[in-house]
Structures are given as C-alpha cells and as structure tokens.
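Below you will find the structure I want to go over with you.
Naming follows writing order (A, B and C), and every chain is counted from residue 1.
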Amino acid sequence: MDIFAQQLVNGLVLGSVYALVALGYTLVYGIMELINFAHGEITMMGAMIALAVIGALFGVAPDLPGVVIVATGLLVAIPACMLLGFTIERVAYRPLRHAPRLAPLITAIGLSIVLQNVAMLIWGKQYIAFPTTLLPQGRHEVLGASITDVQIVILILTVAIMAGLVTLINRTRLGRAMRATAQAPSVAQLMGVNVNAVISATFVIGSGLAAVAGVMVSANYGQAHYYMGFLLGLKAFSAAVLGGIGNLAGAMLGGILLGVIEALGAGYIGDLTGGFLGSNYQDIFAFMVLILVLTLKPSGLLGSKSVERA
Amino acid sequence: MKSPLLTISLAVALGLGLTACGDKKEGAADGGNGTVKIGQSSPLTGPQAHIGKDNDNGARMAIDEINASKPVIGGKPVTFEIMSEDDQADPKTATIVAQRLVDEGVVGVIGHLNSGATIPTSKVYSDNDIPQISPSATAIKYTAQGFKTAYRVMTNDAQQGKVLGAYAAKLGKKVAIIDDQTAYGQGLAEEVGKAVQAAGAEVVATEHTNDKASDFTAILTSIKGKTPDVVFFGGMDPQGAPMVKQMHQLGMNVQFLGGDGIQTPKFIELAGADADGVIASMPGLPLDKMPKGPDFQKKFEAKYGQIQLYAPYAYDAAYVMVDAMKRADSTAPAKYLPELANTNYEGVTGKISFDAKGDLTSGPITLYKAQGGKWETLETVQPQ
Amino acid sequence: MNVLEAMKGKAWLSATLLLAGLILLPFVVEPALGKSWMRIIDFALLYIMLALGLNIVVGYAGLLDLGYVAFYAVGAYCWALLSSPQFDLHLPFWIILPAGAMLAAGFGVLLGTPTLRLRGDYLAIVTLGFGEIIRIFLNNLNAPVNITNGPQGITLIDPITVGGFSLGKTQDVLGMSISSPHMYYYVFLLCVALVVFVSLRLENSRIGRAWVAIREDEMAAAAAGINTRNIKLLAFAMGATFGGLSGGLFASFQGFVSPESFNLMESIMILCMIVLGGMGNIPGVILGAILLTVIPEALRYTGELQRAMFGQVYVDPADLRMLLFGIALVLMMLFRPTGLLPSKQRKQEFAEERK
C-alpha cells in the first residue's frame, strides 16, 4: 500500500471536516465581519442533538434501517441548530452591531462557554458513543489508500455544500442581498435590502451547515463530547483565516490545506528530522503555517487586499 | 471614581467580604468527642468527575465500615469522618485544597487522583507532616521527591510499564508506541518503551497525540508503514477507542495494547465491535481472585453502583491508614507515620506493603482482553 | 485619575489606612479563615499582576492578545529551570526573577514583531496560536534532550530564599510564627504595588497616550508622528514583563510547574478579569482579578449548601461556575460593555458612540 496516498486521503478527510466548519465561519464573517467564536459550539450542539435523537429512535424502533435513523437525527439537528444560531444572533450579536470590535468577540467567547456548559449539564461529562453499526461500514482501496463509506460521504457532501453555497451567493436574490450587505450595509439598506433579515438568514444557513458538520464528525470518529466543538472550531477558524476569511473558496482551500499539512506533517516529520522532532509537534504546524501566511499576506491566501479591518 | 486608592480599598474590602462569606468552622485535629478527620481529594467536577467520585465513594465506604466496627485507638473510642474536597484535577486548585484540608485538621489524606495534582500537594502535606496515600497517582516523581509523608497503593509507571513492555515483547518483536502527551500517558509509554527494548524486542515507531484529539489516521498510517506486530497506547479511553477504530479502518490488523486508562467499560462502549481483542492492564489482582474482592464488589455496587476505576484502591488506602493508626495506637500523624512504613495489609486489590520511598513493594498487574463487550481476565503478572 | 491629585489632602489618610490594612490583613485572615484562604489571596495577587500586564496590551493599546499565558509560562519555567534540581542550578531570586521577566519581554517582542501588520481578529487568532505553540513546546521538550521534563513537569522548585531565610516554610519572626503563604503575601503585595505604580506612571506618560492613540485610530496615530511599530512592541514587551514576573513568583510559591497550568482557558480567564473589571482602568482590573479568583472558591460552598438543603448536589458548583462566567461575560458586554469600573475616557467614548 502506498503511505503517501493514504496520508493524502487522511488529510483530505480531515481537511473536509475543517472546511465544512470553516464555511460557516467565513459566511458570517463575510457578511458582518464578526468572528462567531460560538460556531464550533453550534457544531457540537448539532452532534449532540442528533445523537440524542438517534439514541432515542434506536431505542423505540430498532428495526428501522440505520440510514433512516441517522438521517432523522440529522433532520432534527439542522433546524434545531438553525434556531440556535438565529437566537444567538438576535440576543447576543445584534445589540452590539455598532459597539467597539472587542465587545462582540467577547460575547462570542462567553456564548461558547455557556453552550459548552449547557451541553455538559444536559448530556453529562462523558464521551457519548455514536452507534456506528447504523451506518454502512464498507472500506475501499483506492490507489493503495483505504477509505470508508462515511469518509466518502464527507468528501462528497463538502463539495456539494460548497457548490450549493456558491450558487446561492451568486445566483439568487438572497445571495445578491448578502453580497450587498457585505459590501456596505447602510447602502444596501437604502437600496431596499432588509439588512437584519439578511444577517439572520446568514446565521441560519451557517448554523445549519454546522449541524451537518457536527453529525459528520461524530459519525466519522464514533463519538461526541461537550468539548469537541472548541478545538474543531479553532482549527476551522484557522483554516478560514488561512484561506482568507470571508471568501468561500478560501475557506475550502484553507480547510483542505490545513488537513493535508497536518496529516503529512504528523506522518513525515519524524523521518524528515531524523527523529529530532516528532508527531508531538503536529498541532504546531497549523499555527506555524497560519502565522507565516498572515505575516506574508495579512489577508490570507485568497483574501482581497483592500480589506481594512481595525 | 475620585481616587484609585479609594477604589482599591473598596475592591479589597469586597474581596474580603466575599472571603468572609466562605467562613467555616475550624476543626480541631482530635475533637473532644473522639472525631478524627481524614481528608479525601479528587476531581469532583470536570471531565474526570466520575472517576473522582469513585475514589470518594471507595474511601467513604471503608471509613463507614471502620466506624461500624467501633474502633478504639489510644484507649478511646474513635469515630472517623471523611472530608472530601474537589481539586478539579488542577495543580493550582489542588494546593489550595490541600492547604484547606490541613487547616481543617485532618490527620491524613487519601488522594489525589491525578499525578499532576498529587505532586504539588505532596509538598504541602510534607511541610505540615500529614501522611498522604494516593490511590491512583502513577508518576514516578511523586514518591521520588524524598517526602516522608508520600505513599501510594497503586503501582507506579515503571512497575506497570515493565509488565506491559515485557508482555508487548512477548506478543511480537516489533512494537509501535503512541502516547497522549499527558503526565500519565507519556510517563507510562516511556517506561513501556524501555521494557520492550529490555525484553529484546524493537520499538519501531514512537508517535504522539494529545488528550483532546480524535483523528489519529496520520500517525497510524505512518506506523503502518513500519509494520509493527503490536501498537501500545499510553492514554485514556476517549482517545483509545477511536484510535483502535481508525486502525481497523486503515486495514491494520495488529494487536492493540493499553494501560489502565483504557481498561474501562467506557472504552468498550465507545469502540463497539472494534474493541474485541484489545488487551489492557490494570494494577492489582482481579477482584474475583481476591479473598475479599467479590464481597467488596457486591457491597460497593449495592451502595454506589458500578465501580468506575480506582474505588477499590481508595478503599484499601483508607484501611491501610487506619491500620497504621491502630498499630501505633494513636491518630496523631507524627505517631502513626512510622507505622505506615511497616504496613503489611491484605487489601481487596492485593497485598500491600511499602518500600523506603512509599511505593508498593510488590504490585501484581493483571492483563485483560476485551471480548464480546466485556473485559475478560487474561493473566496476572508478578513483577520481579 | 492623576496620582498626584489623588494624593492631595485626605487621600494621604486613606492611603495610610489602606497600607496598614493590607499589612495587617493576613493576621486577621489566617487565624479566622485558615491558611487556605491565605493561599487564595496570594493567588488573587498573582492574578492582579497578570491582569494588569494584559491590561497594558489589551486595555491601553487595544491589541487583543489571546495567548498572554505564554509569558506567564516563560517566567514560571525560567524560575523552575534555574532554581531546582532539574539542572541542579539554584540561582538566587534576585537574578532569576528579573531574568524571567526579561526573557518574557523578549518573547513579547518575538510575538509582536511578526504581528505588527495584523489587526483585531487576525491578531487574536495569531496570539492564540502563539500561546499554544509555547505550551506545546514546553510539553514536548523532554526528548530528544530533556529540558522541561515534558508533561511530568518540574518538581522541588526552590522557594524564595534570602540569606538562608526561606519563605518556603513556617518561620519564627519576633516571636511570632509566620507561615509560608503569609510571607509570600508580602512579597506578592510588594510586586503588585510595583506593577500598579509602573502602570499608573505609564498611563499618564507620553507612551500611555501613544497607546491610546493607536487603540483609537492607528493611522491617525502614525500620521501624528507616533512610531507605531516601536510603541506596539513596547506594549507587548511591557505586558509580557509583568506576565514573566508573576510566572516566576508562581513557580517559587507552588514548588511545581507543569504545562497544564498554562492552557488557553487561563488566557481567556485573565482576559475576562479585565473585561469584567473595566478595561484600561487599574482599579477596575484589580477588582476583576479579585472577583474572578475569589468567587469560584466561594462557589465551592454552594455545593455544601445544596447538600445541606436538599441532601444532595444537583448542580456541580464548578459547572455552575463556568456557566455563570459565560453568562456574565455576555450580559456584561450587552449591558455594561465598559466593565464594572470603567475608565473615565472609555465611558465618554461610549457615551459619544451611543448618541
């Protein structure tokens, strides 16, 4: 088997997960220049809610096909997270739209602490198992690398969602309104765009994506935990910044790049440095690359140059 | 605010006011009514709360039983009382808690759970001459600091690592080692690595992850390229379970081996069918092999439910402490501390006696294999 | 807010009273509440230093730093390595304490240099990454050459010792037996006084005004002839110095350091202290640090209270603690975004913005 091909697949899967979450960050940032730090936690909530539904449904009707049970969980989690995202924006971000920039960032940190602890109170401190037997367990060999059914679904879904978002932004009325709001909210308002509604819609879409990502992550790794959103959110946010925050293709590129760098880094650093550095420095790569890219190109890989963010 | 000084005084006053809210009665070491306090400390909140509570329950059950037996020490009837404090598995909080236990006049402490909390507190207890028995700290450093008050009823990383390493070498000649970069995981993995080499096998890869990770495909792929016969993981169940899953996803059908961190019911629940065949160790004898074991298990489960991890060790620790007091015929720390060194006690986890440092002299270690959703006993190894 | 102004007239009286109160405080606290509360007060003082240090970077210069704990770690490890059996070095405190602070300042510049062009959110994520990188390095420098002992941490760190007089154990002074936390209290108090003094002087200096100018509008500040690069680096270095100082004190007080004490949550907590208290305002920051250190310890008793009232604990006090923190942060930003004791200037700005 080919180790390099396998590491590439590992990186692509990990990167797709990052990209899925990063899309949500970048969507919100692109419209209102706000880091929704709680986005990782919405992902976690999506996973937890879906798992609760899956567990309950499995208990009531164990004879249903596994895919149906998981799909039901996902279909409950998506609107639940959308509602959560909508509420968060209304309660915690909207009143601060004209406050100094630090203020919404700190509410976002506060919110993410609140969501974590609420999840911990509801679902406990232990890891929760995802009943992986519900999903097909197939394993395929592609070019010497092995990949599972769930991982294939993740890859396809990420690309599909990305394509859907691009179409939404570029081809629909809502998309046009979103672009207008991103450029100049006050002008957009004058042109008859309901800015508040557009921002709410953005949050709702982003949170729906987070729910999908949450379910995918827990299905792939077989478990969920109240703390899972934090690190995931951090990595995804790094990915979004790396690609140029506010740019959909950038989030995708940043996510995949980060995943591949991490996988190749962890896989080869030991051999490259003769054992001097090991995979214990895996997490450093992400941050090193981030710092490097931002130092050389402060707006990210695909970010527009004109952005002046104070 | 007119004056910053005024404001600061206000702030201090407020802080003091809050401090006063926390006011508590002061306990004398040996109250007039013969009540003697024994401290217990473990994380009662946070991610490890369930394991911390388990320690608490173990110690409580022992003390309840001892009290029911109406002990007489120094010619007086004595009632023991457990004072339990939450150290949040945080080194800083742990020292505050340790100081509090000392303030409250405990004559000994059962704790702490984590090595990271046990090591800094051992200095506080040593400074105040309070004997401490940890039911679960495995770091070698804990007893290597030269404190006369530090004991443990758990084998240390070197003892367990030796057994695991020798066993890994028996399973195959090429061993890959992964650790989670925590004090526990890294300490154990290092000792396993040494023992593997001592047993004539080869460590073909040493990889690392962290205690919050869930994706191990990169390091596993790298390990796969080195075709090991055994993969050892030093870490806990939330990482061990997805790791063994991902190993199978990558088509690696090699033996997965772990320490006591993955020898839990949770590991089997999280790993599901992938858990089958995994081997993990646990210090001590299997409960059903001990004379008092099944009885303990029955009583404990009736009172507190399933044993999580270290409750039997906390139970033994409490008995060992009181045993030393009985032999010294005193509950005064200075009096019974020398007797603690001479302990020779038949506990539910095995025979307990200490070496000069405060470590167990003989720590049997049992290996278990996950089969059909349960941990089945494989064999018990007596370290040389 | 002028020191001289404040010291006129009656202020002297209140200053003397405050000083006397602070010196006598341990004599009241220790017998009444026990040494554990003495330790809590000591930690509160440490956090005051940390919060005041971060306040320079975030409060004055407006640079959001989410990796501040890295400097705390640098100071702590500097002390731990130079005064413990790890390398069998036992240098005196008057060398390593400044050395740790200077080293931290160096790291501050190291962090500041590549991030000069970054603003706001980008800066936040890069500083966060920097904090993690430092922690990961400390956690991993046990192989191939063992420097930090990795996750096992460093034990048996020397306490502050002056000419054979060790602050690490109870000592008899003038016939009174004085405990180790009690003696450290005075050392910490002295350091806090120093940090407050430096902060006050900086706030009212040219540099302080330059920081505020950068915070408000960097381009305008540059146009007004401020060397924004140096002034920003100075903010990072100054903040880091205080972090390094408290780190060294922490290591000697605790006798043990390990990487787990320097995680991201710690950085966020210090940030919460200054936000809650009042960013940019020294008394506010001090209040925030005291509150956030003391409240969790006081909340410990809610567990006992619940047990006493309902016979069992329904909500874990520590869970409640984090939840309350989160809610407090959100509410604070929504209803009192300038903190409990806002600085006069920021209050004005807000009033203007709200018009």
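Heads up, the rule we're going with is that a residue touches a chain if its C-beta (ideal position, glycine included) is under 8 Å from a C-beta of that chain, and two chains touch if they have at least 3 such contacts.
Just so it is clear, the structure is predicted and the values come from calculations on it, not from any experiment.
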*Find the chain most remote from subunit A, comparing centres computed as mean CA coordinates.*
B
*When B-C is set beside A-B, which has more C-beta pairs in contact?*
B-C
*Compute the distance, rounded to whole Å, between the mean C-alpha positions of subunit B and subunit C.*
32
_Roughly how far is subunit A from subunit B, centre to centre by C-alpha average, rounded to an integer in Å?_
37
*By residue number and range, which residues of subunit A touch two or more other chains?*
278, 280, 283
_Touching two or more other chains - residue numbers and ranges from subunit B_ = 46, 49, 181, 208
*Multi-chain contacts in subunit C: which residues touch at least two other chains?*
139-140, 319
*Contact set on subunit B toward subunit A in their complex*: 46-47, 49-50, 181, 205-210, 212, 214-215, 217-219, 221-222, 224-225, 237-238, 241-242, 245, 249-251, 266, 269-273
_subunit A-touching residues of subunit C, taken from the complex the two chains share_ = 58, 62, 64, 114-115, 117-122, 124-126, 128-130, 132-133, 136-137, 139-140, 143-144, 217-218, 268, 271, 275, 279, 315, 319, 322-323, 325-330, 332-334, 337, 353
_Residue ranges of subunit C in contact with subunit B within the complex_ = 1, 3, 6, 11, 14-15, 17-18, 21-22, 25, 29, 32-41, 43-44, 139-140, 142, 150-153, 155-156, 168-170, 180-181, 200, 254-256, 258, 260-261, 282-284, 286-287, 290-291, 294-295, 297-298, 300-301, 303, 316-319, 341
*Touching residues on subunit A, where the partner in the complex is subunit B*: 1, 3, 6-7, 10-11, 13-14, 125-127, 129, 131-133, 139, 146, 148, 217, 221-223, 225, 227-228, 231, 262-268, 270, 278-280, 282-283
*Can you list the residues on subunit A that touch subunit C in the complex?*
35, 92, 95-96, 98-107, 109-118, 120-121, 234, 237-238, 241, 245, 275-276, 278, 280-281, 283-284, 286-288, 290-291, 294-295, 298, 309-310
